[in-house]
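Think of it as A, B, C and D in the order they're written, each chain with its own count starting at 1.
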Amino acid sequence: MRGKIILEEHVCLPEEAEVESSKFASSNAQDLGRALLDLHQDRLQEMNANGVEFAIISQNTPGPQGLTDPNEAASYATRSNDYVSELVDQAPERFAAFAVVSMHTTEAAVVELKRAVERLGMVGVLLHDSQLYLDDKGQLREYHYDDPRYDEFWAAVEQLSVPVYLHPKSPLPDEISRLYSARPWLLGPVYSYARDTSFHALAIITSGIFDKYPGVKLVLGHLGEMLLAHLGRIDHWLEKRNRGKDLPSQKTVREYLENNVYVTTAGHFSTPALVHAMTEIGIDRILFSVDTPFENITEGSTWVDTLPISHGDVTKIGRTNALALFPRLAKRLRSDEVEKLQQDRQRVLFTKNAGFW
Amino acid sequence: MRGKIILEEHVCLPEEAEVESSKFASSNAQDLGRALLDLHQDRLQEMNANGVEFAIISQNTPGPQGLTDPNEAASYATRSNDYVSELVDQAPERFAAFAVVSMHTTEAAVVELKRAVERLGMVGVLLHDSQLYLDDKGQLREYHYDDPRYDEFWAAVEQLSVPVYLHPKSPLPDEISRLYSARPWLLGPVYSYARDTSFHALAIITSGIFDKYPGVKLVLGHLGEMLLAHLGRIDHWLEKRNRGKDLPSQKTVREYLENNVYVTTAGHFSTPALVHAMTEIGIDRILFSVDTPFENITEGSTWVDTLPISHGDVTKIGRTNALALFPRLAKRLRSDEVEKLQQDRQRVLFTKNAGFW
Amino acid sequence: MRGKIILEEHVCLPEEAEVESSKFASSNAQDLGRALLDLHQDRLQEMNANGVEFAIISQNTPGPQGLTDPNEAASYATRSNDYVSELVDQAPERFAAFAVVSMHTTEAAVVELKRAVERLGMVGVLLHDSQLYLDDKGQLREYHYDDPRYDEFWAAVEQLSVPVYLHPKSPLPDEISRLYSARPWLLGPVYSYARDTSFHALAIITSGIFDKYPGVKLVLGHLGEMLLAHLGRIDHWLEKRNRGKDLPSQKTVREYLENNVYVTTAGHFSTPALVHAMTEIGIDRILFSVDTPFENITEGSTWVDTLPISHGDVTKIGRTNALALFPRLAKRLRSDEVEKLQQDRQRVLFTKNAGFW
Amino acid sequence: MRGKIILEEHVCLPEEAEVESSKFASSNAQDLGRALLDLHQDRLQEMNANGVEFAIISQNTPGPQGLTDPNEAASYATRSNDYVSELVDQAPERFAAFAVVSMHTTEAAVVELKRAVERLGMVGVLLHDSQLYLDDKGQLREYHYDDPRYDEFWAAVEQLSVPVYLHPKSPLPDEISRLYSARPWLLGPVYSYARDTSFHALAIITSGIFDKYPGVKLVLGHLGEMLLAHLGRIDHWLEKRNRGKDLPSQKTVREYLENNVYVTTAGHFSTPALVHAMTEIGIDRILFSVDTPFENITEGSTWVDTLPISHGDVTKIGRTNALALFPRLAKRLRSDEVEKLQQDRQRVLFTKNAGFW
């Protein structure tokens, strides 16, 4: 289909490109740094070639969440948001952005979030999992955002009407040494990202935040970071063991997933997992995304365009669910005639075979 | 869930009850005639007991479509619509109705349809498959509604903004004797209904009627009368063999199914078939219905309330899709807070097991 | 995967090729006749290119079932079986065949079936829907095979341990004129094939034949000819209305479908329909097939090789279910190491994207 | 269906019952200790009432894995295996058992495993996640079983032909304090069990153990501990980032899941998750289990008996897959006529509704 929107798409600051490239000892390592810098060249061209009309970009992991010094984190956030905004402003009909913010204090987060949304026109905020910090003894620790200290942050998010994308970052060094040094291939997208983000997401979901701030929308990548596979068991046990005892949230996890949470396909182009998500939480909660430049726009687009589901559902995943979640995007976009958007899906599905007729 | 709406629900005229009862040589044959007469007693009580707020009722098969004499058919339609309207008017906050019309001429159909909608407040029209008639030689024949003679009918349907429910009736006597006399158990809901209605529906869908009158909405019962199982093959062959040659319709059958057609669960409470329908045409096209009194409200409601899909999708099937299709119903109904509607589904899903905790 | 087996693959007699080609007024009409004659050239080459190791071929529709004269039908069957056998014998490690038989009398059918299986080495019998015949008044009529007159046929089928493939043919001329002359695009694979074959299959299934001859195996093409979409409703009504009254069969239709019936993907490469079939009747009853030359081997193979299901289930559909149904094929085939068969599926699934790593 | 087999079913030693009961501050806390002791009374009665013929029982979590002293762990394992064996021997036609072993050294593990299998007749081994131990500094640490030190253990497992059930236990105290003290409701079945077991399982799967010992069978509870939701992403990244670099395993994770891993439904009676598992890894890898006494036999049995899938697949999940995995069980069981096993499923599905007929 035409007019696709994608929303877990990363860039980095110019000064980070070299490090990014060196992080991965791959044969074509140069590419990653360059790819994170590129937006208006190759990436836009690949978007054009695949019917992707719009991308919501964001600072690459870990962003401010990886900086233990509150001042550094805050100034990093400002610098990154300014830089990303400039990228967007070169083609505002094709790009928007998630802000990043320091989560050392809720005040810092709110101030920068407001600036990013109200002055820079950013459409949401992306948090790279927990906020790292040093405790009184100089030990590395992390804040999770179900902590009551973040109440004002969630209030501001609700008041500004912007979604929060909870994105992974690497585990704490202690955890890396305990669990991953003997099996480093499990780090990152293979497993640790989902492990850590699923914990954090479930902590937020069950904390009661959505009861206090029902307007808050949380977005999870990778088709829900494994949580959907466990949903029945989560609610089954919370209801029979924790309800009426220690559980702070008033509704079932399923209800929050259906009302406050969205999942994207970023980095997880899997048809059985997608169909499972459709039956668990409904098609209206699922958003197409690619996870550029770590994933390939052509691969993701081909997958979503040929999904064995209805045209209408492809259109929801590919575009209209994103417009419902980011209503202010609508005025930036071209005409929204669903029929035209679906035309090339039709074409794809019926030009496979000439046959004898 | 509460607030469910059902829409393939039948009644008969008082004078027909006895015949209906005698049609079926069952041990409790009396019940059927009585059940078709009843609406405000047992049926309403069973609706109440199962969270069914509203039913759109209709004349039982074959209605005017079974009468070969045009005048008889027309006067039957008037009489039936008047009678059904009176039933509705006794509790307009719980019932609405589909009109029946004689399809001997498009004029007769349009006049009665307008009267039914504009004067009697009916919300749609239900056609019992083809219209039987006698040809010049007195031979029994049938009209299908893709015939160009019905153009004005479809124009009126579009102009009045009312859905058309295509409902089965028994095959022609010749066909019964040729195919079913040796295996009568295949008649009716087991097989012949779907066989005949699927043919008629596909004839209408591929005729170009929806190109000429894009506002027309067609409703099929029994989860699509088998057509969804064949959808891929239908379009595959129409596109490679008939497109550009004899095919009058401009779009794929899938496109019409996603834009002009709705399917109900009437008489087909099958979870695999429903999940299949969700992936083929999308959840927004599927409407809960029971097919009373031939099916049981409790059985249908229990099924839909415990479907292994999201709350949101149960709410769509059970209620909100029907409100989108019949917008004028909305003002008759009680408050529409989705949360309250879903409450008892929550309850159903989590009171199954006390366990040890 | 490698080693795929396909089993609804048609050829025609040399004298039929010209007529076949002229039947279809397509721009490349010549192809069809030639394609039905070809087996060891282009078709084999396309099999090789797509990992199809083996094909069970059969006489194109309508075969003997279209001949109203018993003698003609019988001699046609003999001639066709001899011809098809010769085709097979040129490469018995790549091809086997279904026999055709005249169904005018069960004696004729049994004699030719035995000859075909025991002398010619054919592995099953393919019936092109009902047998046409002329009644006493010279009127065209048809036999369906649930007729008690075929008892000895089913007994022979069971005794020989060969599957019966029930394949479509065109409707009777009367039915064509009544239903299809105004909408010819519904004829054949688009709709009439499934309509007629589903009726015939359901007649056989509910007749009690499988109770009398539990070893009989029936194969249906096109993912079950729409019947799976209706299965819940069929059994629901047979059980509540017909069981204990007129229903001759002792089990539910679901039980026969799971024990006596197989469905192939011939001409219906639809993922939602296939997943539906998996949940309705289980993966062990589904067989890959293409329906050459009407369908394209490359298209079918690409579809089955990239299905969003497990490797094991692709292997079942693509090969091992066929070997379970036709055990005598096993000795003709190359080594059956599943790992090797799956290798190129692995390759297909992971060479899509180079990425940055 | 009748004849169901369940295999994640726990008991505790008599001396543990009181502690187990006090662990959970629930209103009916007494029940848990008593329920873990009971087997031949209430539990057997509930099995009988629900068509469960056979249960493979096991020591409750954490077993020897929770004991940091090697000698204590080893003697605990012996004591527990002896006790559990006695329970089994009271009704060997209804029960079998998984052994527990200390994993402090592979020698200890192998000796006790052999004794349990060869002398006590146990049919597999169940490991409660990692083995806790104290390092040189007295700090609490854990071994995972992908460590090369366990090579001889896996060799013995393969040689004895017994499955290994990887079962959860609680996280390390440090991790509890870091992640769960602020949100204790996420501990155990709600989330931490799946988090930790999924890590451990994936570590084993990607370690190359199944390449070295291809006969090893690993069983995971709770429908795969969330891993199936991530399978596409896991293989996608391992293949494009780690293959040919640091990845020790030679095949894709999907291949191991389809050849060396089984998942049970213990504690996760969720239809969408089950259907997802069917499409991801195939019906032959899925085993019914309840997780008594933490879960309810009636609830689990009702769920599996009314699953919206084929009779054949319910029979596989409910019984025949378990017999394929534990072939030596077959001789203990009653006659295995599938038809009789399915009879009461038939009955369940068709006695819901009397209707009018």
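By definition in this document, a contact is a pair of C-beta atoms (placed from the backbone, for glycine too) under 8 Å apart; a residue touches a chain by one contact, two chains touch by 3 or more.
For reference, the UniProt names are A, B, C, D = Amidohydrolase-related domain-containing protein.
The structure displayed is predicted, hence computed values, not measured ones.
Q: Looking only at C-beta pairs that count as contacts, which pair of chains has more of them, A-C or C-D?
A: Top pair by contacting C-beta pairs is C-D.
Q: Could you find the chain whose CA centre sits the greatest distance from that of chain D?
A: Relative to chain D, the chain with the farthest C-alpha centre is B.
Q: Please compute the C-alpha centroid of chain A, do the same for chain D, then give the distance between them in whole Å.
A: Each chain's C-alpha centroid was found; their separation is 34 Å.
Q: Distance from the CA centroid of chain A to that of chain C, rounded to the nearest Å?
A: The mean C-alpha positions of chain A and chain C differ by 48 Å.
Q: Determine the centre-to-centre distance between chain C and chain D, using the mean Cα coordinates as centres, and give it in whole Å.
A: Taking the average C-alpha coordinate of chain C and of chain D, the gap between them is 43 Å.
Q: Please list all residues of chain A that touch 2 or more other chains.
A: In chain A, residues 24, 26, 236, 241, 270, 272, 275, 279-280, 308-309, 353-355, 357 touch at least two other chains, as defined above.
Q: Contact residues on chain A for chain C in the complex?
A: Contacts found on chain A: 24, 26, 28, 31-32, 35, 270-272, 275, 293-296, 299, 308-309, 352-357.
Q: Going by the contact rule at the top, pick out the chain B residues touching chain A in the complex.
A: Answer in residue numbers: 235-236, 239-241, 252, 254-255, 258, 275, 278-284, 308-313, 342, 346, 350, 353-355, 357.
Q: Which stretch or stretches of chain B touch chain C in the complex?
A: My answer: residues 24-26, 144, 146-147, 179, 182-186, 188-191, 194-195, 198-199, 202-203, 206-207, 222-224, 226-234, 236-238, 241-242, 245-247, 267-270, 272-273, 275-276, 279-280.
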